[in-house]
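The structures considered in this document are given below.
Consider the two complexes below, in which chain A is the common component and chain B and chain C are the respective partners.
Moving on, here comes the complex of A and B:
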């Protein structure tokens, strides 16, 4: 006798067959290591000589001056850079979305291009641009603004500002592309109707573009927050965390603890989990604030 | 239906193959690296320098052991450290090569963190007494030798003779001097030629570490405790360093390229570093004959002060991942620890021996036209033998960063003893 499955059951089975391989891979490659890292974060010791220490790694990080400094630095980048970047990207996107603009394709590509460069090479280029005898100083001296070269990367504040400038240069175009694709989905007739009603350009931007782009803005905000909290390359390659840890990020410090100093992987794993918690919390806040769909 | 089941099975088997494939790969790699009985694998990083040296050593060893083969894998130091850490902390020691070259500064840290990863070479045929004492101490852990010394890191002071002349000095007047005299003469050079005497990396403590070591000091005491806040030698070193920066005799740059640039572009009139810096200086061919070498200045207020120190340099270590550690030890012992011929062959690349018998070789008496036609190699070997024994410590990189931070803050106007106290606390915190 043939057993017949119901249609619903068969559909379910097909669905599961498609999902299971990918799900298994994700579990094995991503979730298992996560759990292992979680277990690791409750251990401490040099290199391989690890022993369970309970929550002491989590207590330890709040007494660690350098780690606290790195949290402050990271949030400094986050608070200044993400809003500036997203607003700039939004403005650029709506300018480049104008129907009658010429060479649109060229401008879009040019602004998007920075994020296709390698993280390390752009950091090194920024470092040489802002060197004491670098391009920026040479221009400033030639223009008579400065007498001698200013050590941009040697001063805590200016070094932080340069990291922010570098981040803006690289990531604004990336976010702009998201907004552009969002803008394509807004019916032009909505703008026409607003224009007939006498809305100014700013009113159209504020009352039509922004509300309709909200899901996209939310997405980019979460992605940028996540990216900034995990910032590593710029701190590592542009400033080496200096001067005096003024620009070191959390990920950079975690790298130092794991690979530069006497390795303490338990403590490094615990700090990584703090980043995870921070990312999750901030994403939650942003979703609560930004998403009013239900 | 049948088709669906088959395709389902296919997908499942592919996933299975993928998953198990990952597991197999690491096993395969480990067998590959060990190879057959007479082949050794080596990780080191500089084709013009240490890779060339180990290949010369291979040729010499092959004369007596024709079967012997070496497989050299070019691995930059940062990558080597990361790979080493990863392999050792995941208990995959058999993925390591037979021999690794290790920076002396990182030697203690790696051997103590991963005591199961390295072979104790004390009881092998290698005669460690033939090497300079200050050099061997870098690779001794708990009285046991874990490394065969390779290149010399004896500190030399290089000066541009032509620039000094414009200020009315000669390099000879910088020999056996103190830092006070150095600063006084440096001010004159700066005034007359506009060029500082020295450049170094901001926030890095290379110059400080050289000053410290020249007086037999370090960031740690003999028991391995951090010795920063109450370190009288360090205090004098920091004061001298601040004086150097304030007087303009020392100029701080932000990265290594700028440092090398300051030498090659005539921004500065000299430098002080491990003797391996000669290779970088010689890349500016138009400056041939204008450089001269002498010893470094010494501290004024410390009784143990000398004009000699060690900076950089590396040693060969045998890993427990080796299938044939006896062969590896014998290879290193009869080449780097026993062959004058090897050191003669690699001298032209700037690899100066810490193996004392090599220094008596005729080759070392040769003159170098780039450095004023003097017998620089004899000089450097002489300096190396004078280097005081120092304690590097397991937590050297932690101390280096903490003191580097303190220095940056002190230059910006912070109080010396408060900053050193903070550095001490930071290092102690890291050591917990």
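Moving on, here comes the complex of A and C:
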């Protein structure tokens, strides 16, 4: 009789039925498309008329000036923005974690507020603030610093800097929340003991906060790296990738190749596969570095 | 010395808060002013809100996009929370070697960037005629490793005694999940709700790929369209941005407290 099945076995089966819907969806929506992208990356053609071309998409990738530019841009954002953001978030979190601080809730809410803004919204807000006739230029002209509006988004360097400023604005508070929740697990008495022993604020930060927050720092570093490598909304809506592709990101270029120009899914898939490899590699490096400091 | 450092801290926090709030404050001001006044750099609320609303509604299908965004985000949030919490609960409560292995495979999916799956997904969905549908919007984001992990972590703190007691009382396994687990884990659900709703509402790339009809457009797509012209009407543009921002800010403020608790509980 099936009814006689042992309780343990029945529970085991129940467990699997709970898991199956989520697991199947992840297989169908992440792993299957990933494999398809790999297969697609060896094909070429316009639209749906595809034929196998071996590695030629990958060869083309490294001769494609715009794609190389998009890799350079993405890494420029990554190298500058992620460290500045994580350090600022750490400092903000450790200041906000002080026991005797007043208006703690107000500061926390204010600094977290940007994270409640949609990516497209903030990209458009920053685009408007820094437009030639935008608020920042108006103020600079009124203060007599500039005579006419400066085209922040029309100059390759300043446009990149504006994207970084916007990213810092949007994500610093988000990472701060993770650090704050990590700090709550550290007993405050540890700090008090260190203070009695005469440790300076910097020493306490360096020898207590950083080591104890290491798992959280690793998590946020991986999340931000992953996010930065996939940047799209900002490049699309803040600068439209311009001027002359000076700010275009990898995802933005892949989108253009797939949906804006004559669609070349094979070539786009090859580029997207490179992002996958980069994400995996960087996460691996970060985990290795994170382990070593033990 | 301490006093000096203390006031330095407050100055630092005040500057950080001001920088964080200013762009949103400016958006609010701009939404109530005439474009010409916005360009003049005004920082006081104006009386032009209704005019901006008229301009905005004439230019874009605001009402239907707002409703679409709500529909997609609410449906996705409900289904996603049920499916992911069920899985997280299953992984923790009935855990064994096989399930732990499946969990580690699922975590690998976190590494798969959306750019890498977007094109095959688009082709798959266009063959299945899921373009311009709610199902098409939600399917790729229902099951996420992050949420499953979060619920698995919170199920760890769910007392086994409760489960045993409920079993003795004759409640079946699915009943225990719905009647005991969900009510106890309110703060985790609140945090998951904030995260899922915001991600769904803010999602831009995927709807841009599959929603080609104006009638299935979302709010982020709508405001992105507003910037396409040569001259920008800042008043109505910022009103659009405001409308796109209000729902996520409301969700965040309503659930802020449980959100912080849920995050703390899930990443311990």
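Just so we're on the same page, the second predicted complex is superposed on the first by the 271 of 294 C-alpha atoms of A that agree within 3 Å, B and C clash if a C-alpha of one lies under 4 Å from a C-alpha of the other, contacts with A are read in each partner's own complex, and residues count from 1 in each chain.
In the analysis below, a residue touches a chain if its C-beta (ideal position, glycine included) is under 8 Å from a C-beta of that chain, and two chains touch if they have at least 3 such contacts.
All figures in this text were calculated on a predicted structure; none of them were measured in a lab.
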{"item": "First (chain B), second (chain C), both or neither touched by A:127", "value": "both"}
{"item": "Touching partner for A:211 - first (chain B), second (chain C), both, neither", "value": "neither"}
{"item": "Which superposed partner A:14 touches (first chain B, second chain C, both, neither)", "value": "both"}
{"item": "Contacts of A:54 with chain B and chain C, given as first, second, both or neither", "value": "neither"}
{"item": "Dominant contact partner of chain A by residue count, chain C or chain B", "value": "C"}
{"item": "Which of chain B and chain C A:111 touches, first, second, both or neither", "value": "second"}
{"item": "Chain B versus chain C as contact partner of A:63, first or second or both or neither", "value": "first"}
{"item": "Touching partner for A:236 - first (chain B), second (chain C), both, neither", "value": "second"}
{"item": "First, second, both or neither for A:46, with chain B first and chain C second", "value": "first"}
{"item": "First (chain B), second (chain C), both or neither touched by A:83", "value": "neither"}
{"item": "Touching both chain C and chain B, counted on chain A across the two superposed complexes", "value": "14, 17-18, 21, 25, 127-128, 131, 133, 258-259, 265"}
{"item": "Residues of chain C that touch chain A when the two form their complex", "value": "5, 9, 12-13, 16-17, 19-21, 23-24, 26-27, 30, 38-41, 83-84, 86-87, 89-91, 93-96, 99, 102, 106, 109-124, 139-140, 142-143, 145, 148, 173-174, 177, 198, 201-202, 204-205, 208-209, 219-221, 223-224, 226-227, 232, 234, 237-238, 241, 244-245, 248-249, 251-252, 256, 260, 263-264, 267-268"}
{"item": "Sites on chain A touched by chain B in the complex", "value": "14, 17-18, 20-21, 24-25, 28, 46-49, 60, 63-66, 127-128, 131-133, 151, 153-154, 240, 242-245, 256, 258-263, 265"}
{"item": "For the chain B and chain A complex, residues of the former touching the latter", "value": "4, 7-8, 11-12, 14-15, 18-19, 81-82, 85, 88-89, 91, 109, 112-114, 116, 202-203, 252-255, 257-258, 261, 394-395, 397-398, 401, 404-406, 408-409, 412, 422, 425-426, 429-430, 432"}
{"item": "Chain A residues touching chain C - in the complex, by the definition given at the top", "value": "11-12, 14-19, 21-23, 25-26, 29-34, 36-37, 40, 92, 95-96, 98, 101, 106-107, 109-122, 124-129, 131, 133, 135, 138-139, 142, 169, 173, 177-178, 181-182, 184-185, 201, 216, 219, 226, 229-230, 232-233, 236-237, 250-251, 254-255, 258-259, 265, 268-269, 272-273, 275-276, 279-280, 283"}
